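Read from first to last, the chains carry the letters A, B, C and D; within each, the first residue is number 1.
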Amino acid sequence: MPDLPQHESPGQVLDVELHILDRQVLDRDDVPIGHVDNIEVDGIEPGRELDPASPPVVTNLVLNSGILPRMFGGRPPASRLHRVPWSAVRNVGTAIELGEPGASFDVTWSERWVRDHVIARIPGGRHAPE
Amino acid sequence: MKKYFAVALGILTAIGGFVDIGDLVTNAVVGSRFGMSLAWVVVVGVVGICLFAQMSGRVAAISGRATFEIIRERLGPRAGAANLGASVLITVMTLTAEVGGVALALQLASGVQPLLWIPLAAFAVWLVIWRVKFSVMENVAGLLGLALVVFGVSLFLLGPDWGDLKTQALQQTSHPRETPLTYWYYAIALFGAAMTPYEVFFFSSGGVEEKWTEEDLVTSRANVLVGFPLGGLLSLCIAGCAATVLLPRGIDVDALSQTVFPVAMGAGQLGLAVVILGVVAATFGAALETGLSAGYALAQFNGWSWGKFRRPAEAARFHLTMIICLVVAVLVLLTGVDPILVTEYSVVFSAIALPLTYLPILVVANDPQYVGEHVNGRLMNAVSTVYLALILVAAIAAIPLMILTKAGA
Amino acid sequence: MLLNDILSLPVVGPEGRLGYVADCRFAIDGSPGPLLADAQLVGLIVAGKHRHGFLGYERTSVRSPAPLAWWFERRQRGSFLVLWEDIESIDDVVRVRPGYTRWSATL
Amino acid sequence: MRLRVVVATIGAIALLVSGCSGSPRDMSMGVREAQSAVGTARLALTSSEDGDTTGSFAEAMVDEAGTRLSSASSTASAFKPTDRRTAAQLEAVTKALGDADTAIRHASEALAGFPGAPSVRDALDELETVATDLGDLAGNLEAPR
């Protein structure tokens, strides 16, 4: 294999599998809210000739929506995709940091449900350990 | 001064926290059947856990990412989920064994049936996880676990033929009553007992819990590099006691009472009281660690909020996971299954799950994005790669050996 | 469109099959947003045999421990980057325009 | 790929078959377990007499020895004799295990100190006799695996 030319892009370069998928997502206060399971882009229409001048851009990260489809194929119903808009992303490093609190994303509903119905009802559940 | 105190405390808790029901039982079984001829495996296992615990701690301190986040990130959904399934299964098995161990030890102290102690012990574990601060929990359990040093004292009081023990350790001759297959089966069990995967989950998550930074690396390295080998030495003393008292009498260990008996013989009733206290502390401490590890693993894999530094309500699914795991452990124990048997299986299954945990740790400990300038050195990488190969061989050989030897019968 | 639908699609060039989509490369260099600029697609990483390799790790500059790096690289040998402007269409297969350029896949 | 599956399956079946069938070695394994149980009970009694252990600890040890002995019996009886020689051996083994069971029960009673229970001294003597018998028996049987 001859040495191929190296393509240089301005800005941070991200390979989806390497840098984004399965990374931990932290909210504004560094609280984990999920992992990236998928990425939504616009600008690709299946079957149409693509426009070289307007590359697709990331619109949403999809969190915790079906580890099973990723393991076995298929996809979860569109209504169950927990989306986080790209505009909420503050930094992409060893974790993906958001600029908003976790409660503003629907991916945290199960956390809130368990909290409200189970954990907070057990005595001491709302107190810090001593 | 405060810094030296922190280092000393860390080392002491590392020693006390190193030995759990798996180490206790496996070392006693091996000592009673093979003498010191498998001592080399303990050494190999301790070096291995030092390597990988240290790496996972370094990754956690610098990047803030605990081990199961790394596993998910580097292995992807399929292999990651396979590892999650295996790790949670083994960790809950170990948790079951530890809770059972607490109950057995309390039975030895009180004469009251273990079935009555099991729910109590599990509830106490939950209460500590629920209410006690991480550092307090770790230090108290670790320091009380130091009572197990009485194994070393008893070994001296028993006055064994040291030359004989040394010969056994150096010649690796298996006892005439044993076959090479059982010898290697127990080699894998000992290896698995020393390198149980929950230890790295707990160690790295503990680093995040205690908010380690780059400056804490020296302390954490000292804890591991001094504490774990001393814990390994303690394991060897357990084996040595069994080799001195039980091996010549043809007694194979299959109960906790036999494990601690040599201490009674060497140090009398006082020694017995101390060793039982040590066993309760060590198994209780390990029950906390395994319970938390199951929660860490599941929460980190799914990206849930986790950690004892948060209020339970701020890590709701994490706490719910641990409650469920404890309930499962109690239900399993209430069927009357022998905790010692659960222990013996859990250490061998540990050996099987090791490669998928240690591969991502090794890879990420070389990645500057995660550890900055603190990437592995050449020697570290060479030794770790050899270990990865070793772990792979042990994992592949474990199941066939288990079937061929009827689980070491 | 969801990106996982593109990952591991077969890639076809003018001279026949080239391999599979192993990864998608983005760069944060689009129009500025509130926190980060938009992430625009640079191109697709095409791999010959193994579709996933070690999740892209082989493309980083990390070369140690040597035996592992050697193994990962071997599994991903021959992969390359195709830029967005060289991609004609994406449906069940990814079609590459005639006269496309192979770029190095390494980061 | 399919070949690999076939080889793996055959390997697994071979392992299972070789691991699970009963053999004369089951008897020696059973005797070995019984020796271990009797030895444990003897240690419990002597150490309790010497004051090295508490009563409840010694009782727990003897209880566990009893459990181990039942497991020894089931280990030994996994073997189904095929000829006269092994049938006679199995009979001897079964009898020795029965004696051991009685001896351990007596040891347990002696420790508990019920009225009419054997003395610790007597229980120890009985255990010693049983241990000797088991030792002789083990020597006659095929060596354990």
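Everything below uses one rule, namely that a contact is a pair of C-beta atoms (placed from the backbone, for glycine too) under 8 Å apart; a residue touches a chain by one contact, two chains touch by 3 or more.
For clarity, every value in this text was computed on a predicted model and none was experimentally measured.
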Checklist outcome for this item: Contact tally winner between B-C and A-C is A-C
Checklist entry - How big is the gap, in whole Å, between where the Cα atoms of chain A centre and where those of chain D centre? => result 59
Checklist outcome for this item: Averaging C-alpha coordinates per chain, one finds the centres of chain B and chain C separated by a number of Å equal to 42
Checklist entry - Just how far, in Å, is the C-alpha centre of chain C from the one of chain A? => result 20
Item to check | Averaged-CA centre spacing for the pair chain D and chain B, given as whole angstrom | outcome: 30
Next on the checklist: Touching at least two other chains at once: which residues of chain A meet that condition?
Outcome noted: 17, 21-22, 37, 70
Checklist entry - Going by the touch rule set out above, which residues of chain B reach two or more other chains? => result 76
Checklist entry - Which chain D residues reach two or more other chains? => result none
Checklist entry - With chains as vertices joined when they touch, what's the shape: line, ring, star, complete or other? => result other
Checklist entry - Which residues of chain B touch chain A in their complex? => result 63-65, 69, 72-73, 76-78, 80-81, 130-134, 136, 299-306, 308, 310-314, 316-317, 319-320, 369-370
Next on the checklist: For the complex, give me every residue of chain A touching chain B.
Outcome noted: 17, 21-25, 31-35, 37, 63-64, 67, 70-71, 93-95, 102, 110-112, 114-115, 118-120, 122, 124-130
Checklist outcome for this item: In the complex, chain A touches chain C at residues 1, 3-7, 9-19, 21-22, 37-44, 46-50, 52-53, 55-58, 62, 70, 75, 86-92, 99
Next on the checklist: Looking at the complex, which residues from chain C come into contact with chain A?
Outcome noted: 1-7, 22-30, 33-43, 45, 52, 55-57, 59-60, 77-78, 80-81, 83-91, 101-107
Checklist outcome for this item: So, in the complex, the side of chain B touching chain D is made of residues 107-111, 177, 179, 181-182, 245, 249-252, 254-255, 257-258, 261, 264-265, 268-269, 272, 400, 403-406, 409
